[in-house]
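To keep things clear, I will list the structure first and then write my remarks on it.
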Amino acid sequence: MIKVGIVGGTGYTGVELLRLLATHPGVELAVITSRGEKGVKVSELFPNLRGRVNLSFVEPDVAALENCDVVFFATPNGTAMRSVPALLEAGVKVIDLAADFRLQQLEDWEQWYGMPHACPEILAEAVYGLPEIHRDAIRSARLVANPGCYPTAVQLGFLPLLEAGVIDPQSLIADAKSGVSGAGRKAEIGILLAEAGDNFKAYNVPGHRHLPEIHQGLSAVAKGPLNLVFVPHLTPMIRGMHTTLYATLSVPDVDLQALFEQRYDSEPFVDVLPPRSHPETRGVRGANQCRLAVHRPQNGKTVVVLSVIDNLVKGAAGQAVQNMNLMFGLPETTGLDGIALLP
Amino acid sequence: MIKVGIVGGTGYTGVELLRLLATHPGVELAVITSRGEKGVKVSELFPNLRGRVNLSFVEPDVAALENCDVVFFATPNGTAMRSVPALLEAGVKVIDLAADFRLQQLEDWEQWYGMPHACPEILAEAVYGLPEIHRDAIRSARLVANPGCYPTAVQLGFLPLLEAGVIDPQSLIADAKSGVSGAGRKAEIGILLAEAGDNFKAYNVPGHRHLPEIHQGLSAVAKGPLNLVFVPHLTPMIRGMHTTLYATLSVPDVDLQALFEQRYDSEPFVDVLPPRSHPETRGVRGANQCRLAVHRPQNGKTVVVLSVIDNLVKGAAGQAVQNMNLMFGLPETTGLDGIALLP
Amino acid sequence: MIKVGIVGGTGYTGVELLRLLATHPGVELAVITSRGEKGVKVSELFPNLRGRVNLSFVEPDVAALENCDVVFFATPNGTAMRSVPALLEAGVKVIDLAADFRLQQLEDWEQWYGMPHACPEILAEAVYGLPEIHRDAIRSARLVANPGCYPTAVQLGFLPLLEAGVIDPQSLIADAKSGVSGAGRKAEIGILLAEAGDNFKAYNVPGHRHLPEIHQGLSAVAKGPLNLVFVPHLTPMIRGMHTTLYATLSVPDVDLQALFEQRYDSEPFVDVLPPRSHPETRGVRGANQCRLAVHRPQNGKTVVVLSVIDNLVKGAAGQAVQNMNLMFGLPETTGLDGIALLP
Amino acid sequence: MIKVGIVGGTGYTGVELLRLLATHPGVELAVITSRGEKGVKVSELFPNLRGRVNLSFVEPDVAALENCDVVFFATPNGTAMRSVPALLEAGVKVIDLAADFRLQQLEDWEQWYGMPHACPEILAEAVYGLPEIHRDAIRSARLVANPGCYPTAVQLGFLPLLEAGVIDPQSLIADAKSGVSGAGRKAEIGILLAEAGDNFKAYNVPGHRHLPEIHQGLSAVAKGPLNLVFVPHLTPMIRGMHTTLYATLSVPDVDLQALFEQRYDSEPFVDVLPPRSHPETRGVRGANQCRLAVHRPQNGKTVVVLSVIDNLVKGAAGQAVQNMNLMFGLPETTGLDGIALLP
């Protein structure tokens, strides 16, 4: 059994990790920490875990964590980096669900996250945990930077096109829509039901922290310089993310459907829909799945890719478990076979 | 493996049955029928089942169904009763998720459902599938009448009080609130998002079909004649049911908390919260669970019970699987250990 | 023109007051205060007011307020009472939308609101602003205590029955459901869209501050001692309140429909639906209206009243404007003729 | 007083027309027709109109309609064109809220709407009712084709850029999101709360009927051939439309903010937000307003315009009333000064 620790389990990625790990056959939940909720039973905060998770939150405690085989950080940005060196030193593997190790360029990270990095020397070692690109590196990684939700949905959508070199990498547009759980379990007025309900808006159009992360990932596969416009929106639902991706085709003729089907043929968690389909976010609610459809409206020069995930699962906790499975040599799908909840 | 047939699987109880049975370790999904969707893949209608259920809907076919060990009817009221006698004759067990076999009094049934009953001779044999009351009878039943969603939530809430004889059975009030999936997957204007969203209303206050069902169940345990006022409401959510139950205490002093805890101590799917708690519907979303809290406001003469279920799980498909487990001698919780999805 | 000041206009009752007063033909909006948002344009906080309200929030300033004809307090409980004596002294009329002057018994107030009252000598002068009961007193009042949302919906529903003496005043049950805007525009986790959305729960069953307010109001009209069980619930919608009221009939025969129609015949803002109706909250969304229906299920001993309001309008800001109209001798409906927004 | 008739008032544009016209000071509501609801009081179908609109639906009756000054068609596509010639002949002005007269090219119309046109000879006379472009022609029109909701939001967003010639007209992308009321008040499974709630999806990506309408409008102002990719999405809210528009800048330097502010400086119903703003749909809920913001992310070559409307008001009924005001020489804003409902 893999002994698992979770740091900062009071947010939505934390409770989703607990939901997935509590029924994972290869895992023993050993410790979960929270300064604010120290001593509180996990199931008091999250009633869905009553009778399923008997842990209580404890003060962050290095010794307890060093006793684990793997530690998940479900903390705000800037927290994991302060503890990771010691854990790695102690032989503990780490999966960070926040952004501390996602950007390889130190300056980029410090600019977008507005603080100095606590362990820049470890950045280079971190593996970006998108298994559909970095599966082998993840298998042998000590430290995995779990991707953001937008970056997961956007990269999986553009990937086949950029790898095949059939689009102009300077023409990328990602119009992304997220449910409010993506903003976290935080006491903020903007995400109240009375504010965000029955409402739709864009946000951070001048610049969102997921832009450099997506740019870095896609640049690595693009043939030439890449340009991306990224516009995130808040949509009045709890879970779910839909990205609508646009790019200009650079070759006169290409079988887009075949391209996508072949690229993801052996991927357990990426599902390409038949031609002329429209994936729905609810179709992957609670499941570790990215579902894609590719269109070429009016047979024009623009390709449109529709990509949906559950932002808390394939966009966060589910992908983290997928990475853990890879890091510990388990079948990649272990504990991730739950069926989406519909309706 | 239990060979399972489902008749009429295009509604919400149908897709929920499929979600639960597809991961049930003791079941083989053999056949699913639908006149309207004949030939359509189940996963085309319900994208959450893509890659998980490979069946297509077939025309209702007695031979195919007679080959099953058990047939679930997830059909409109008045459908199951036309096929059940032949299936029982062929040695197939039947679980009806509709109302055809819920009322023992033929006249009651024909009055409330507005049609003659097709097989009144079988009514007496049908076992009402509320395991918390009829577990032993269900184990040996050929035909189980799966309870309605309101009746499940209301009966489990009043049960300890009536069994213990601590309330006046003539003073019962059940104020019930249901998510819209309880109304079914039907093209009706009243349950459109633009009609039922951001809106709240009562309905059927003069009389709802679940009233006689609840009355029959509670009368059987009450010590004396029973009177019940039942007011259902439509609440703008997808899944979930909350009933708020009121009764007048008939004894001066009783430890209500202990009464509830003892009654449900060994029940795997009924969970009594600590004193002064308020269960939430989302805490059981997708899970086969009834969660209860009992209050006595201002230490007055009125007891208030709060009871929540997922109307599609403990209120329909999950309870049906629980009944199947009992009928086939499996551990009662088999295939029903999914954790509620929160948020 | 009535010169109006608003203290604390950054919450939902504040913005709703502004929406109503900005188009009120007899009003000049003179000053609006907020410590936290000093200097911010009202329309920056509330985009619906762009181009319609050009005020900016100013620091609370006694001189500016003393220059007004009337001051509305849309502040947290315990704020108005500190400024009201000086304003009354200066000849300014006051309408408090919070609870500072709603309870006549000082001890009750201090117990339920957990603080000493700053001006108990003024309590007796305050008029409870439910025009359907206290219209004449409001007309000549200097200080109006605007009722809470639950108390408005509940009292208007029970009123005809208690006045006519046809129910047992010891048998009252109010099962109330509120949209989340009733909880205010506050950064609290429990009312996030990701928490309160697609969810339903009761809260404060052991005791809610609106209980003594309702009790006080109904006791005054009841013939004999009154007992009330009050259970509030949070429902996943933005605006709207539905109360379902139960009482035991104390007379063998009474024409309930006629009773309600006659009681509210000349009330501009109370609308009694035809027999067997079910009012919807959306039917009064944005309108200063209480809509009622009365039922007697199965012709039994229990009367059921359904009562809906918009918690921010007839339950708060609209009623406050109605009170202002009365206090200044305007036609009661002035500025309150907006039609509900449906869908 | 303008005598108004409404044909087909049982849908959402119908009830919204009634809400606006019932308080319009220059209008007398004379007749409203519906085959299906003949004899039913309007206020029975739409409870928000109780006490405000006393009309009942009548059978469509040419004589009654010919007695009106103006007739609004709030009917399905293909209905108005059968009655319009006779009404015009009788001297009645017509505003069609459906699509019968929106496309000038007969072949386009017949292809996209899948039926022969009943009065092609009148197409050329119809004026496209977007006042921000065709104000003068509308003033003297007998027949106005009221724009679709998507076309209103998209055209107002692209207009300043195309008129000024600062973008490549072949590079247009419109990513549009609509609340479900845009789909109409129809008994369809796809727009049930249990289907469309907590869900997000694109639809009609291969081709939507509003594409040729937008193309026609924008081509008329573009300098050169125009290409547009249009992707509509369904978002889980009742009212509101958000379009996110992308285009490639064709000039090195341009003050986009000034361009937008100048273009709409004197428009009563188009509001340009300050730089770096993000309009919200709820900010225009119930109001006849289009609110815009213009961005140039990372100072790159792509301009992003955010455009919001209430699909039922500026996207339908409100714009129709605006057109009526123009056709009858009233101040354009008459009856359209309601403030958006927020929250």
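By written order: A, B, C and D. Residues from 1 in each chain.
The working rule: a residue touches a chain if its C-beta (ideal position, glycine included) is under 8 Å from a C-beta of that chain, and two chains touch if they have at least 3 such contacts.
What you are looking at is a predicted structure, and each value in this text was computed from that prediction instead of being measured.
J.: If you check the contacts of chain A and chain C, which chains show up for both?
T.: Common neighbours, chain A/chain C: B, D.
J.: Could you quickly compare B-C and C-D and let me know which has more C-beta contacts?
T.: Between the two chain pairs, B-C has more contacting C-beta pairs.
J.: Report the chain whose mean Cα position is at the greatest distance from that of chain D.
T.: Greatest centre separation from chain D goes to chain B.
J.: Taking the mean of the CA coordinates per chain, how far is chain C from chain D in Å?
T.: Spacing between the chain centres: roughly 37 Å.
J.: Rounded to the nearest whole Å, what is the centre-to-centre distance of chain B and chain D, using the mean of the C-alpha atoms as each centre?
T.: Roughly 45 Å, centre to centre.
J.: Let me have the rounded angstrom distance from the C-alpha centre of chain B over to the C-alpha centre of chain C, please.
T.: From the centre of chain B to the centre of chain C is 39 Å.
J.: Which residues does chain B have that touch at least 2 chains other than itself?
T.: Counting only residues that touch two or more other chains, chain B contributes 12, 179, 181, 185, 194-195, 197-198, 236-239, 279-280, 282, 285, 343.
J.: Across the complex, what residues on chain D touch chain A?
T.: 173, 175, 177, 179, 194-195, 197-203, 205-207, 227, 229-231, 233, 235-240, 242, 244, 246, 276, 278-282, 285, 293, 295, 297-298, 300-302, 304, 306, 308, 343
J.: Sort out for me which residues of chain D touch chain C in the complex.
T.: Residues in contact with chain C: 12, 15, 19, 22-23, 46-52, 181, 185, 197-198, 238-239, 271, 279-280, 282-287, 291, 337-343.
J.: Once bound in the complex, which stretches of chain D touch chain B?
T.: My answer: residues 12, 179-181, 183, 185-189, 191-198, 236-238.
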